Every structure is written in structure tokens, then in C-alpha cells.
Amino acid sequence: VRNTQPTSATQSWTTTMSSLGTAYARVRAQTRELCRPLAVEDYVVQSMPDASPVKWHLAHTTWFFEQFLLKPGLADYRVFDASYDYLFNSYYDAVGPRHPRAERGLLTRPTVEEIVAYREHVDEHMQRLINRAGRDAQLDARIELGLNHEQQHQELMLTDLKHAFAANPLRPAYRAGAPRGLGSPTPLLWQHYPGGLQEIGATADEFCYDNELPRHRVYLEPYELASRLVTNGEFLEFVRSGGYATPSLWLADGFAHAQAQGWSRPLYWSTDLDALFTLAGMGALDPAEPVCHVSYYEADAYARWAGARLPTEAEWESAARLHALDGNLLESGVLQPVAAPGTAALEPGPQQFSGDVWEWTSSAYSAYPGYRPAAGALGEYNGKFMVNQIVLRGGSCATPRSHLRASYRNFFYPQQRWQFMGLRLARSVAG
Amino acid sequence: VRNTQPTSATQSWTTTMSSLGTAYARVRAQTRELCRPLAVEDYVVQSMPDASPVKWHLAHTTWFFEQFLLKPGLADYRVFDASYDYLFNSYYDAVGPRHPRAERGLLTRPTVEEIVAYREHVDEHMQRLINRAGRDAQLDARIELGLNHEQQHQELMLTDLKHAFAANPLRPAYRAGAPRGLGSPTPLLWQHYPGGLQEIGATADEFCYDNELPRHRVYLEPYELASRLVTNGEFLEFVRSGGYATPSLWLADGFAHAQAQGWSRPLYWSTDLDALFTLAGMGALDPAEPVCHVSYYEADAYARWAGARLPTEAEWESAARLHALDGNLLESGVLQPVAAPGTAALEPGPQQFSGDVWEWTSSAYSAYPGYRPAAGALGEYNGKFMVNQIVLRGGSCATPRSHLRASYRNFFYPQQRWQFMGLRLARSVAG
Amino acid sequence: VRNTQPTSATQSWTTTMSSLGTAYARVRAQTRELCRPLAVEDYVVQSMPDASPVKWHLAHTTWFFEQFLLKPGLADYRVFDASYDYLFNSYYDAVGPRHPRAERGLLTRPTVEEIVAYREHVDEHMQRLINRAGRDAQLDARIELGLNHEQQHQELMLTDLKHAFAANPLRPAYRAGAPRGLGSPTPLLWQHYPGGLQEIGATADEFCYDNELPRHRVYLEPYELASRLVTNGEFLEFVRSGGYATPSLWLADGFAHAQAQGWSRPLYWSTDLDALFTLAGMGALDPAEPVCHVSYYEADAYARWAGARLPTEAEWESAARLHALDGNLLESGVLQPVAAPGTAALEPGPQQFSGDVWEWTSSAYSAYPGYRPAAGALGEYNGKFMVNQIVLRGGSCATPRSHLRASYRNFFYPQQRWQFMGLRLARSVAG
Amino acid sequence: VRNTQPTSATQSWTTTMSSLGTAYARVRAQTRELCRPLAVEDYVVQSMPDASPVKWHLAHTTWFFEQFLLKPGLADYRVFDASYDYLFNSYYDAVGPRHPRAERGLLTRPTVEEIVAYREHVDEHMQRLINRAGRDAQLDARIELGLNHEQQHQELMLTDLKHAFAANPLRPAYRAGAPRGLGSPTPLLWQHYPGGLQEIGATADEFCYDNELPRHRVYLEPYELASRLVTNGEFLEFVRSGGYATPSLWLADGFAHAQAQGWSRPLYWSTDLDALFTLAGMGALDPAEPVCHVSYYEADAYARWAGARLPTEAEWESAARLHALDGNLLESGVLQPVAAPGTAALEPGPQQFSGDVWEWTSSAYSAYPGYRPAAGALGEYNGKFMVNQIVLRGGSCATPRSHLRASYRNFFYPQQRWQFMGLRLARSVAG
């Protein structure tokens, strides 16, 4: 959950839809759609402190609209349930105290049915707010923020569910998957970028979070990026060659963590290294698919083993601006990274910049020069997390298309790997 | 879950019913009845490692019959689902590996509906087994054990639910309670017992677990027991006089534990000491009701503060044999301890020996001289827990009547307090 | 550190010496003597929270005399250093706050030299107190208590040093040991005891701690005890037959603890099972020596594997009263258990009742009927530890001879094994 | 311990001494000199896993020369003790396994005397190596690295000792301090820097670690730096205004950590906020002295409270290059930060860029573009720590003068505060 710089941007994605009301309705419907395959029991569980129950996601995204739009924006609005501020505030200290994060899975009540009623209550009043005359740009920006916020949680619902299902020895499937053919990987090519004085950060013509601002100059040495993501097959070589047991390949903290956790392969890979758990249940490990569910520590170790490194976020963004952002996103419905198309040799441009897996960069998540968090509680959306985390770029197979942009900065702790996370190699070159 | 010495006892409680089939049906129906007030979400949650989800209790008690009766007893029996051995085995190493106890709350599947189907499948075959010609005494004893086992879990379902509901800031009620009048406590009188060479342990004429055998002699010094349980009002005096902050009143481990946990009052009491959480939601703290949800450490400290001590289990049992076992048990439907009747002054015999709260004794849970665990996996029911735990006696307001007997030994760790646990004072006297 | 019932006993061991002053001088000199092989560095370290630095033992035993004898007993006594009450109080809440136990090893100051000066200061004043006219029996009893207390710490100094040296990859020797021949074990015979109504507890003619009182009756079924301790060779069979990986042999808590700690053999045994660490450094594992440094959990599992059990403390004491208490104690200077003499076949009485290793009983440490702790702070010596611990009997190769008696109750937690701890088998027999 | 890029630099500090032999002798003598005030006991203790015993520092720095110079460089060299590789290797996986870091304080042996002998042995052979004909530049660079390494440990010896002494309720002084007058703070002025394309990193004319290379361009927006460090008096205002209890001032991880640890003031400040612990014992809190022993989290929160921010390391270094590096370093002998000279108003240049306290920057510790770790085991000196840590700049009152340079990058975890750590404010300005 992160916040935007209130902005008067007018060309952002939502307004390319016929109206904000339509955008609101589409995003909210998308959330409900994602819940369709679930049993009531599936909404309740929190399989680790990093994850949240689906029920909580449904309520928290709704609370966000109630708290930041309806309460300040509709004079006659009556809150659905006064206790929800405590139950469904995620981390907004300015709003007030809240239920401990690690105990979200202990709440059997309110029931799913009650939360669905909560959503409907808020939806009704939000449409009233949206349809009201005299809407201003600041209000629109906040609604756009709320929709982006809900889209983030759509992705989290899927990754949290995947984690919970993987913890169940029955390995239930979220839904049946399309048959996956085992492909052969596209050759890895290197794409050259000259560097120099570049600009990164959000441009004025699109919605963004406050952490993507200000747009600013950075100086880059020349560099190269791999034409596609690292694959399962490549990562398997690392595993088989003893990569997890070779400290010289790892950051010291990474090796210590991997040892303490007993890591010997990516999350969700089977012990015998020939299958993996997906949202469609257990399936064969396809060597051509991008490797997924690796931590920063593992991504960094792999890159060192491969004689390369991870890109900085500035390198990534400068390159991404040159290429179209399109790929295997939520709308593709695959919910699993897919192999890069085999035509790469013919069209040597880089692939998979968008979708499939979030790409670990080597950049610690920090403030851009001149960064100013949004005012009020929404200033907590991004800024207070700018330590100990690493930036990821590019979106995943669980990211809605309209949620992405080249300047988008995702961030996670270096040991986390339950998101759809993978990597693209980079290397420095002589100028 | 604990096991019995297979016995040919013929006067046990089940056979006082018209048939074993009736007993089976009644116990299983009782379990379903206890679930009636629940939402689907309420079945899923495990609020601490000591507790289990209701769903798990429903499946585990059913698995017990499948594993120990149907598999060995019905040649043509087909298991309902082969994975349930792994999911619903509690702690029987001889049966095989099992899902980690602390992760029972992570399982959203099988759903409640699937588990209800499992119960029906097993019930059908159990009735077939029971109705079969040529039943033998050993088989009957095992069925009786399975029913006692399920009764234990009926109590655990209620205490685990209470714990989960108490962890919810909404403080949901399991069901509405009868109005509770605030009574005035019955005076505490002392009942004298001469001691000497006594016999304790189960007698031949009733069902028992293996840990109640062999019946054997113990030598007791003369002693006295309080005529009733310690009340909320009395315990409140201990709290208000600084009992929780006075190390000289406590066992060293107890004080350290209480400090580390920040204990300052019994579990479920409100901070301001005038209300408590019950299965009917928050209610006034009645000074006449027995104090409940105190650990052994707190019970021991209170007794020392009161210039008394806890009884040994031999003292308790010798006394209990002299008095009728009747009281506020599950069948009363109160699900909360109630004040001792005010007629105590007229009939000076001891009260509340049975029901209301399990009474902490001062006896570590250990083997009786000559103890032999049952053969096979069922030998794990009791014997392997004979260290670090303390014996409690007398049943509680959540214990089924037919489950109790004077020789019954319950046991918990000295720091546990989520069961309906309280205490009765004892003291030594000059011979 | 535990406390005595102040008593006017006049035949206790100290008064069999020419005088209390001589006893005091002998015990204090013994402590210094035990330190002779040490480097200054060896006094400082605390290798785990259960252990204490030698420096701390030296100061704490001295503080005990200062606190409980000199301050109340000598009107003109000036404390050596006012800060020592805080630094060297072990666990006497009635005396005041104290340095956290787990941080005893962080104190580089006071230096060893300063603590030696402290000892000399207190010795000088203690001799003045002892030589004073008008000494009373209560004072004498307290001095005796102080000396017994110091003797307990002599044993702890050795076991704590052993633990610290074992944590050092250099495996330093406390001092050179006598050459140890590898013997052949004496056959194990069973000694019968008829049981019945017995008396246990301290008799009036000797010094005792308060936890050995009151002497009282217990009823015992007939039983048998092994004629000697369990040996390394026997325990090795248990290890080699997979004992540590067989849950059915263990108490549930014991197996869980052993697994969590990765235990696969007694403490101080080498991985290849043919050597062990002693106070004389690494040495061959002698199959005839008593097994040592096993926890209660391991002792209990071994006994079950051997088709036997551990004795209760009442069984042990009733038997021990019939036999002379003599054996391989501190005075033998071996500091390691030794094989039972091979003459057992000729003289079939039980051996090794005293010395070599403390013998785990099956009895939880608890109050004798009518137990009353000593008054004041010294009441904390024993009583507040009466939960979660198990009684051991018989003394070890590090126990001073004059410190032992048949009624002596040592106690440790079931998972502890850094003391000289072993076991003797028992079994029940038909009456 | 970190490593250098082997370099043929010829103007580095050591060669400004008459010879490398002299430099070696001076640095090694400095280490001994720092130990002069210690008792033997003071060498042994490790007060937390982050710290090491003085004895270990003495041995490890010596082992560094033995391992990386004598073994490869002197064909006839015989190691002093083969076990020292295991005991005194810090973290060089390429060298081999090692004693666990958190257990360094358990080693009473080798004794201090033995380690002094080890140092003399190595010194003798190092002089032989240095005096040998045919020395090459690579060898010289390694010796220089070893000396820098030892200088780092000189600072650590002091900070680790301070931590251990602070854990002792006696609060011993390392040595008497000069009388400290309570000054009045110099006014804080803002110094403007225009930014633009700048170069940072080590220049070719001085010794450096590999993490200071390559020298490279960075683009900076215009910025301002405070003319002096933040003082105790200023930080006290933050404390008194409730800064530690105001989450909006903190990074989320920082607030959580501070709450979990119960932080309410800098390390070593007294509860009543008017005294602090120094290497000269407890002393008055001087409001004019730089605040010291604050974590990154506290420094960041203070800066936000003050309406400013921390500088990036590039901002700091660009500015530092413009000013002389001189100040209150180890050689001043004060071992405590001192107030900025009061003449600031007259000479408005920035003060305290060097010495007093290491200054937290806002930069995560990471690789410079094109960074290449040194070859072999020495490549582990720096590179493998490039995650989760924050860069500090400028040296402290415990840093040797010859050890510092403008490009020097120190790094610690954001929660650490036992080093001499403080902060200087920065702010962004409109271009």
C-alpha cells in the first residue's frame, strides 16, 4: 500500500477509460472475480506474517476508500462498522492503532459475507461520490490512488493464496491451468546501452506514486542487459553445481540466511528439482520458463555465478523507456511466468521487460533527490519503508496491466521470495 | 487424546445406555450439536499452538475411529481419503508421520463440508461394525475409548474456540448466555480427612484410561480440604494486594513466566478487573463464581498467599470417593463456572468436587507403581506425557458427565491456563 | 544454593571435626585448592546461562557468609564492597535485586585478585565470629549451611569449568588425569527390596536441607534395583541400535527436545563414539565406566529400551539406607566416574550408591508432606524450585564426602546434562 | 576487516614514513599501547555477538599477517599454532572453517600471555619479510592492507571494551579522562554546494580499500550541509519533545526496532538524561558535544524532526574533498567527541568533517559502478557485505589519523550504535 503525490495529471490510465466511475467499477469487479474459485475457508488463513488473509485484503482495500475518500469527502457518510478502523488499518499510524499484523489470521469474524456487504456499502457510496458534481483534481487523484492500491492487493491476494496453498500437503489448485508445454529456452543475448546522463522517475503525463518523483538526472556508465529473464533451466545448473553451498558466490547475509532456512532451491520447487507448485497445482519444471520465487540473495548469487550482476534500477528504467511495456501480465490469465518467445534471434530487442516476474535490481530502495512524501496519513504509503529493502522492476504475471509503468518501483526485503520474483542479468562494459 | 487399558469391564457408562450403538450415536451427535452456533470461518482458525481448529477436532476424532476400529476391524473397509492419516494423526508415532501441530490452522482444505462427509462415512461404517455379530470385549473397549476420546475433544473444541474468540477484538459470543446474577459467595469451611493407608486408582467396575491403573496403596498424613472452590472475589484480593508482583509467593519458574508474559490477572479478565470474557461474550466478574483460567503457577501462588496449599492428587481422590460426583458439567449448558450453592452452611459437606473447573493438584503427572501402557499405538495415549505436567482433577463446566470418574487424571503444563482451570485449597494438620 | 531448616542437631559432620572453625577453614581451603590449576582467564567465562564463571562462584559463596552471618551476626562488621550485594546475590528476592544470571560472564571487574581479597576479608571476620563467646545453635546451623552451600558450589565450579573447556576447540585439560585402563564391566545383578510402609527423609542426627524434612512414611510396592550403574558400553548399545531416533522409547517432551537439539549421544562423547571429554582432556570411552552426562530424558529412554525403569526417590532412599555410602567422591581425586569393582559377583550387594554420578530418579522434585521452608530469605534456598525438576540421588565424583547423606535430594531440569549425571535401573516385581 | 585493490600506489601514507618497517612497528606498538590500562580479565569478554574480546582482536590481526603475508611470502615460515586458523579467522570462507563468531568470548585459552607470544613471533618474521631484498609492490600493498586492517581493529577494541564496561554495573573506566568543561554549542550554519557532475572514489595517489574504487562520476542536485555535527543538546530536545514515541518521525523498521528494544535515548545516556558513559567512566552530558552512539534509525528520525535529512555519501565526499581532513582522532587521546570550536562564526567553513564521530549518510552500502573485489580470499574483505548496511563517513575519536581519507567508506547495520556514530544534517535546495 503506497501513496501518490496528489497531481493534476490528466492523461493517466483511468481517464483513458470512459470515466473514473467505470474504472472504479472495473477494478472492484476484478477483485471479486479473483475470488470466484475460493471456498469460504480459503479467505481466512494467514500462512506467515508477511501474508494476509484474502478476507483481510477485501476489507482493507475497501477501508482505504472509506477512510481516505468517503469520510473526508461525503459529509453525510456513515461508517459501515466503527471497529473496522482498528481491524483493517494496515500501517497508518496517523489514522490510529490497529490489529497486530501477525494476528490477521486469527479473526474468524467478521465473516466473508459481512465483508462482502461492507464492500457493497462502500461501492454504493463511492459511486455517489464519483458522480457528484464539482469533483476536483485532488479528489480524482486520490480515487486513482485507491484503485492502484487495490490493484496492488489483487496481486498480493494471489501470492498470499499461493503461499497458503503451498503450505497445505494436499497442494490444492487455485484453479486449473492451461496445459504447459515444455519449451526450449531462447538464447540469451546482450543488449548494449551507452549510459551517460539520463533522466529517471515518473513523467508528468501519467499517474505515479510519490516515490517515483522527482524525475531527476543520474549518470550511468555504459552497460549491457540480457535480452530475456534467467530461466529455470539456467538456475537449475546453478543449483546442481552446488551454488547453494558455495559461500563465495553469496553476500554474507544471504548465505547465512539461506543456511539458517535450509534453502537449497527456489521456493515452491520440489525436492527432486523436477516439479514446482503453481496456482494450478503441482506441475513439471519447465527449463524455458523464467525462474521465479527467488530472493534477492539468490538472484545476486546466481548473477555472480554467471559472471554477471543485477542491474541498478536506473539502468533498468533507462533501458525500459526504450522498449514497449507489454507482456505476460494478470490479464493474460496464465498466473505463471512463461518462456520468452522463440523469435528473439530474429528481433534482437530485449524481451519480458514487463510481466512474468518482478526483476530484482541491485538498488536499495531509497528516496530520489528532493523526494517529498505526500501530506497527511497518505505520506506513510511509501516513504517510511525506505530502508532495508531492494527495488524490483517490471511487474509480474499477477500485475494488472493498467497498474504498471516504466518508473514503477516495487520493493521487498532481500530475503523475501513469495512474490513472483526473478531476475535479468546485467554487466558493466568498458566505455 | 489418551488411551485405555483394554478391559472387559461390563458395568461401564456406555452399557448403561441401551446399547453401544446408542452411545456412539449420542456422543457423535453431541459433537455436531456443539458446532451448531458456528460460521464456516470459525472452524478454520488455530489461535495458538496449544489449540486446534474445530475442523481439525472434527476430523481427528473421526480418524481415531477409522484408524483404530475400522481399519483393523472391517476387512472390506476403504479409507475415505488416504491423505487424512497425515493430516489428522495427532501424535501417534507408531501410526506414522503427521502434519506439524503448530500448522493445523494453515489448512483451508479439506473444507468443513468435506469433513462432515468424512464423519458421515465413518459413522455409517462404525454402525456396521457395532451391529456386526461376534463383537468381542476388546473391540467394545476400543469403541468406548474412542467415545471417551471424542468427549475430551468436545471440551477442547469449546476451550479452543473460546481462546480464538478472545483473540478477536470484536469479542464474539459462541452463543448467548443465561443472565448471570452476581451472588454472594458461600463461606469457606474446612473438611477434615484422617489420611492413613488409602487406595487410589480406577476400580474394576468402570471404564478408565491406562494412567488410572493399577489401583494401589498410598500413605497420607491427615489433611483438610476447603469445602468449595476459590472464588473470583478471593482471587481478586490476591490481585489487588499485589500478588502478581510479590516473588516470595511464587515458585521461581512461575514468577519468571508470569513476568515474561506480563501476567497481572487470570486469563480473560479485563484490565480493570471488573469483567471477563465467557463463551457468551464479555460479562461482569462475579465475585461468587469460582476463579477460572489460572495456571498452576497462579493457583500455587494464590494458595501460598492464602496460607494454604494445593491438595495432592491422592488427597483429592481419597476425599472425592466419599462424595457424590455431580455438578455443573457440560450438560448443564452454562459453559461457565457457577457459584457454589448458598446452602453450604446447612450441609457442611464439600461442594463442587465435580464440574465448574478442573482443580489443580500439587502432583506432577507420573506413572502409578506398576503402570503399563496399553499395547501398540494406543500406548501413546497417556504414558509418553508423564513429565513436566501437573495433574488436575474433577472435570469442568465443559466436561460431559459420562466422561468423568473419581480416578480421572487430567494433566496440563504448569503455565497453561486456557482450559477451565481453577483450584481448591488444602492444608496439612497435626495428626 | 539451598537452605536448611535451622536445627539444633549436634551430631552433624562438622562437629565431628575438632571444631566449626576447623571445618570452615577446611572447606574454604578446598575451594582455593580447586582453583590451583587455573589461569586468570579461566575464571571469567560463562559458557551457558546454566553455568557461572569460577570468579562468580568464589564471590557468591563468600557473599553468602557475609550476607547471612556477618551482617546479622557481627555488629561492627563493615561490608567489603556495597556493590557486591547486587553482583553476587544469586536468587534471593528477599535480599534485593541482582545482576541478571545470564550476564555473569560479562563482568571483567572485580578482578580475580579483588575477589581473593574479598574472600580473605570475610574469612578473617568469620573466624572472629566463630571464635566469639556465646555462639548459639542457630548460628552454628547457619554456618553449617554456609559450608554445605560452598560445597555445592565446589561441584558446580568443576562442572561449569568442564562445560567451558568443552566449548573450546583446543579442549584444554583442567589437570592431567591418572591413566585410565579400559576395564570390563561387572555383571548387572538385581537386588530385591520388599517395599511396604517405609520412612524417608532426614533423621534428627545429621545436618540436612529443609527439603529433606519432615521425615515421613511412604508405601512402596516390592521392587528391584540394579547392583551397579548403567555403563558406557551398555549405553553405546542403545545409541548404536538407533535409540535416539526411536520415538516410542522416549517421553514426548524428551524426544522433541533431543530432536530440536540434534542429540545423538551423551554430552561430551565424540562423534565417532569412541572418545569423551573429561577434566583431563579427551580420553578413550571406557565401556566399563558408568555412563555420565545424560539428561533425564535420555536416562528414561535408555531404561525403557532396557525393559526397566528409573527408581523413585523413595525406592532409592529406602535401599540406600541399608548400604554404606562410600565411593568415588571428590576426595578420590579422579573427577571422573570409574568402573564398578569386579568383585560384585562375590559380594552381591549393590555398588556405586554413592559417588561417580548423580542418579536420576523418576520423581518430580516436590515438597514432602508437611514441608515448611526455613524462615526469611533462606527459605528461598529450596522451596521455590519445586516444579519442573527431577530428583537425583547419590552424589558424584565431584561431590565432597562430607556433603552427602542418604536423604540428600539434588534436582535438575529433565533436559540438563552438564552435571555428572547417570542412572541405575529399577523394576517392579510381583509382590 | 576489509580488503584492498592491490595497487602500486607510491605516495600512500605508509611510505611517507621512513619505511614500511617503521610503519609496521608503529602500528603494532599502537595496538599494544591501547592495551596498557587493561587487567587480564578485560581481554576475555564478548559482551554481544557484534563485539569481540580484546584477546581475539590481538590474535586475529596477527593471524591476518600470518595468513596473507608470512605463509605465502616466507618459504621457511612455520605457523605458530595450527589451531589458530580455526580460532582467529574472522569470516574468510576461502581460508576455511572457523570458530562461531558469537562464541569468541567462551575461549579462555589461549591465554593473553600466549597471544602476546604469538604477536612477537609474527612480528619477528614480518620484519624479516619486510627487510628481505626483492620486495614487490603487491607485497607492499598487502602489508599496507594488513596495517589498515589492524588500525580498524584498534578502533573496534576501544568500542568493544566500552560496550563491555558499560554492561558492568560498576561502570569501570578504561582510563581517566581529561576534565571536560561544559561548553556552549557553536551556532549551526548551512554551507551551500552546487552539485552537478562530480567524481567520487579513491584517487590513485593513496592507499584505499577495493570498495572505494573505481573513481566514478555521479550527478548531484545542489545541496547544503550543516557546518558542524548535531550536538547532545540538540538531540536532547528531540528526546524531550517525545521524538522516540512519535512514529511519523521514523522509518517503519526503525520505529519497530526502537520499540522492541525499548530505546528512549542514545546508547550510554543515563535514564535521567544528564550523564553518559565514556571510556573515562560516567560523566556529565555536555550539550555542546556531538551526539554519539545513535543508530541510523535515530539519526534519520532526528533529521526528519529537524526538518532536514542525512547527506548521501556522494554529497558528503564531494564536500569533504574541499576541506582539510583534520580533527579529534585517536591521536588526540580524548577518546570522546568534543564540541566544535567556537570560532565557527568567524570562519564559516564546515567543521568536524574528520574525527569525533562517524557520520551516518543516507546511502545504502553498495558497489560502485564497475566494482571488482580483490582476487582470492582478500576479495571477501568488503564485497560480501554490500547489503543491508549503511555508509558512514569521516572517522571518529577512535580512528587513527593515518587510517582515514576522504573516500573512506565505513558501514554498519542501521540498528547498530555501539561505534562512535553521530550525524551531520543536510538539505536539498532549489537549483
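A few notes on this one:
A, B, C and D label the chains in the order they appear, each numbered from 1.
Basically, contacts are C-beta pairs under 8 Å (C-beta built on N, C-alpha and C of every residue); 3 or more make two chains touch, one makes a residue touch a chain.
Bear in mind that the values here come from a model prediction, so they are computed numbers and not experimental data.
The greatest centre-to-centre gap from chain A, using C-alpha centroids, is found for C. Averaged C-alpha coordinates give centres for chain A and chain D that are 38 Å from one another. Inter-chain spacing, taken between the CA centroids of chain B and chain D, is 60 Å. Computed from the mean C-alpha positions, the centre of chain C lies at a distance of 48 Å from the centre of chain D.
Residue positions of chain B with contacts to 2 or more other chains are absent. Taken as a contact graph, with one node per protein chain and an edge wherever two chains touch, the assembly forms a single closed ring in which every chain touches exactly two others. This structure has the following touching chain pairs: A-B, A-D, B-C, C-D. For chain B in complex with chain A, the residues that touch the partner chain are 39-45, 47, 55, 83, 86-87, 99, 103, 105-112, 164-165, 167-170, 172. Put simply, chain A touches chain D in their complex at residues 91, 93-94, 197, 216-221, 247-248, 250-254, 296-297, 300, 309, 312, 362-364, 366-367, 369-370, 380, 384-388, 414, 428.
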